[in-house]
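Okay, here's the structure, questions in a sec.
By written order: A, B, C and D. Residues from 1 in each chain.
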Amino acid sequence: MVDISVDLGFLKLKNPVIAASGTFGYGIEFSPFIDLNQIGGFVVKGLYLSPKQGNPPPRLAETACGLMNSIGLQGIGVERFSKEVLPQLKGLRSALIINICGDTNEEYARIAEYLDKHEEISAYELNISCPNVKKEGLCPAQDPDDTYEIVKLVKKSCSTPVITKLSPNVTDISEIALSAEEGGSDAVSLVNTFLAMGIDPETRKPRLGNFFGGLSGPAIKPIALRMVYQAASAVQIPVIGIGGIASGRDAIEFIIAGAKAVQVGTANFTDPDSTLRIIDEITAFCKEKKIKRLQDLSGAVDLNP
Amino acid sequence: MLKNQRAVIAGKKSWGNDYFLFSLEAPVISRKSKPGQFLMVKITDNPYPLLRRPFSIHARNKHNIEIFFQNTGVGTSMLSQKQRGDKIEILGPLGNGFHIGERSESKKASLIGGGRGAAPLYFLACELVKKNINVTVFYGGKSSEDLPIASKFKKENIRTLCSTEDGSSGFKGLVTDLLETELKTDTPSLIYACGPEGMLKSLSKISKKHQIPAELSLESIMGCGFGACWGCVKKIKKGNTAEWHKVCEDGPVFSAGDIIWD
Amino acid sequence: MVDISVDLGFLKLKNPVIAASGTFGYGIEFSPFIDLNQIGGFVVKGLYLSPKQGNPPPRLAETACGLMNSIGLQGIGVERFSKEVLPQLKGLRSALIINICGDTNEEYARIAEYLDKHEEISAYELNISCPNVKKEGLCPAQDPDDTYEIVKLVKKSCSTPVITKLSPNVTDISEIALSAEEGGSDAVSLVNTFLAMGIDPETRKPRLGNFFGGLSGPAIKPIALRMVYQAASAVQIPVIGIGGIASGRDAIEFIIAGAKAVQVGTANFTDPDSTLRIIDEITAFCKEKKIKRLQDLSGAVDLNP
Amino acid sequence: MLKNQRAVIAGKKSWGNDYFLFSLEAPVISRKSKPGQFLMVKITDNPYPLLRRPFSIHARNKHNIEIFFQNTGVGTSMLSQKQRGDKIEILGPLGNGFHIGERSESKKASLIGGGRGAAPLYFLACELVKKNINVTVFYGGKSSEDLPIASKFKKENIRTLCSTEDGSSGFKGLVTDLLETELKTDTPSLIYACGPEGMLKSLSKISKKHQIPAELSLESIMGCGFGACWGCVKKIKKGNTAEWHKVCEDGPVFSAGDIIWD
């Protein structure tokens, strides 16, 4: 038997595969395709305090092995979420993680406070790295002090564990990961999307309604992996790897680089049962390689020439 | 309800290098589908092109469904190279189809298709005919080569009027002009349409002017096709408010009056 | 007739297509495939003061629509270059640009000085953004002050025009572009490669001998384009766009985003005549769209919704 | 000298889903090629997979050249799906080939091929035979299915000894063990080899121990194939110094004694 369970300290997962925020709706959208109880967990779509209209279309543009999006966090807000969606997720036997967004630090804290009583919530993921909200694409995750402040404030406001989701659009990812750790974050997850854009030569117009958007998918995997390695080398708290993961071997690559768990994003669109397939592939890999405990692989990169 | 499956290409037909028709062995999806619904088709197991592509259900019989598509880019080009016997992964049936026979007075329907937009109308026409609804198809294209499935409608004894922009076949002009000409003498109780955005915009105006309800099938870039990504939205009126609604889940068919064109 | 010539102020190019450093050897390697006189210009492989051994293999790894490399600037050094290579490039009727690398600021200046007498050199390109040299992957182009200092010093040491090549591995590309401009750079070119890595799950070893490497190719295009747009919005000096360009339309996209010229990198490997094909495609595009002067397209992005 | 051209696949042969042989119409490249040289083959016009793939020239006649390859990954798998009549872009002939007949005493050559590494040896064997050199081919694989071109050598009346790791055909063991067995009774004047790194390393030792000069064809990941990227280097001795040399330009064939294995 292969043990692919994961212990993040504040949270035990039956396997390392978590569906990434914004690519898995509220989970319910995927129940026609997979048994939600079989995945490690999932992160719901980014949630603001109030409902959000989101950005004008086009909101998506395909690139070479990548996807650009500027959804703009269209959503129902925290109140409707807790009344309409949470009850539907009662009895779930996977980790339920809530992705939190705010225009101000206080907004993050208020959402964390508001939802804190819900025991079915396993953790919060602070989306301080969403590049879509402001047109200039700047976000708190691009500054170590801002990161520290938000994490600190949210941690004070709630007892639910906090994962801080980092942006790849920075010079030094270790610095930001360390700030999150110092602020009291229980884990970091990375990467969010890369700030990107496209232009249609025919019309000279931007390909996305919001001009800038976030790049995800296999195209970004090599950069994301490097950042996960750097972050995992810098901090003591668990690191969750994200970026272009579409197969068990991709997931294993992130785990060897130092991740304890992974998130699967864009692959959910191309194959709605990606998460389950990746779990199967991880198990098969461990069996083939006679690895008894997946967690032993974490950070096990072989640096001998 | 939804199903993701590998389906064998049981038949393939092509018109030059532009238009293709695949017949796919997919009995479960076939049984469940309604006109106006669509599939998300996986082009390749490789990450390029990354996303699945949406195609309307063009026809169905007990075991098979058909898609009819135009080669317009990297995905459709790669798809067009598949052969009989190859397998492709399809997800469906997706979205809400056209509303059929909900209004008892809808005894006379005009179906307007522009180019590849005619794809879902064949399935729709067949179902309408079954319900004894009088169907006229208006089928427009750039030139005569863009009307490959006109004969399919005619074979079902469906009245089919064609238009081409270059006049190489049928009425010379836009299909909406052809419709307006017809409207002078004859008024349908309902319009169904699928095609380029410009055509659908014109139809919205015609629908309003002539007070004929119209159901329009919209296209939008789709990330998932099943409501998870929020990528495919269009501005749609519901009651007093207009919001971004998902084309894949709330559509692709909307009432002309509810669509806010930009 | 379509005019696709480019005036960078300090340099006139017959067309906007320049072959990128490290992907075009010393130019000579490509003469079996194309007439070097027909391209806008080319940048030679990064040149150090002394010969360099480069990094241990594997030096390349393919990724989804991308290429990772850790060549490590293996090269013959500036002396042998000027004695053995430069004479072979005499009479060239395209711009010859020399990519300069150094371990210290003074080394950059010394190379610039050493080669300054050679009139066949159209410009220097300061490679302050090569992530391969130090294992941590840090480089002067990641810091605005370091960028300013190097440019300033080099400009003092030579009369040849200077293009500063920027790294994409930064939080704020505009800031760095502005530093280069303030330092006196005549133009900026961007982007260099993205710091990336890969691990082979089978062996747990890094895919590249030097562990980290630089990602290039179509995968990075959407991020590179965004940075070119931001840099072009920030500075007055000409911007040369680089990153995943493989077709005339790709080139046009960068020009509409604000680039005056472009560089073609990885595409030279997959098709040795890429540069010529891209020039043809640009001309064809302009003809079709009835654009008389290509330079009118530069920065002509249409921001109306 | 070098040529980049679209060549028609004039013939295709396959052994299961593992080994493939393409005959390509490329008269100019054919005329110029020497055994041990290779082509860079473009897999697709799309950016995935991004790089061309290197393949040895397996055989040639006046108009055509052949490549023989194993399906081992995404590129070779996509290539294997091409059909007769399709066109593929090839660049070649690249690199320096094996040295033939430069030593007048080389009247007896042993050619050692591991798996797909046998590909360039067929072209080489044919050329050696033309020069009246006595050729023995040692051809090793995992099992009998990995020796698909053994019959091609035999058809040319070339002495061919096979080995398989599982003993399903010929000598049971590694091809280098088979060679060592032969060396007990018979010593060639020259060894030519192509195959996996482990095999080539063993051959370096054998070459040294028995003092038989050996020419080994190396594999390396290639960015360009024509000397522009510096991506394909191996450590090679030249005189007193060992430096990173390009496999594509300075190789792919090197003298066993010059290769510094890590």
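Convention: a residue touches a chain if its C-beta (ideal position, glycine included) is under 8 Å from a C-beta of that chain, and two chains touch if they have at least 3 such contacts.
It should be emphasised that the depicted structure is a prediction, and the values quoted were computed from it without experimental measurement.
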| said: Taking contact as defined at the start, I'd like the list of chains shared as neighbours by subunit B and subunit C. | reply: A, D
| query | Considering A-B alongside A-D, which chain pair is linked by more C-beta pairs in contact? | reply | A-B
| said: Based only on mean CA positions, could you tell me how far subunit B sits from subunit D in angstrom? | reply: 53
| remark: In whole angstrom, the CA-centroid distance of subunit A from subunit D equals 47
| Using the average of all C-alpha atoms in each chain as its centre, how far is it in Å between subunit A and subunit B? | 36
| Between subunit A and subunit C, what is the separation of their C-alpha centroids in Å? | 33
| message | Among all residues of subunit C, which ones touch two or more of the remaining chains? | response | 56, 64-66, 217-218, 305
| Set of subunit D residues in contact with two or more other chains | 47-48, 262
| Does the chain-touch network form a line, ring, star, complete graph or other? | complete
| remark: Residue set of subunit B touching subunit A in the complex reads 1-2, 4, 42, 47-52, 91, 220-224, 226-234, 243-244, 262
| In their shared complex, at which residues does subunit B touch subunit C? | 47-48, 262
| For subunit D, which residues are in contact with subunit B within the complex? | 46-48, 74, 78
| said: Quick check: in the complex, which residue numbers of subunit A touch subunit B? | reply: 22-25, 29-30, 32-33, 45, 53-54, 56-62, 64-67, 69, 71, 74, 217-218, 246, 266, 268-273
| query | In their shared complex, at which residues does subunit C touch subunit A? | reply | 56, 63-66, 68, 142, 169-172, 194-199, 201, 203-206, 209, 211-212, 215, 217-223, 225-226, 229, 244, 249, 252-253, 256-257, 285, 297, 300-305
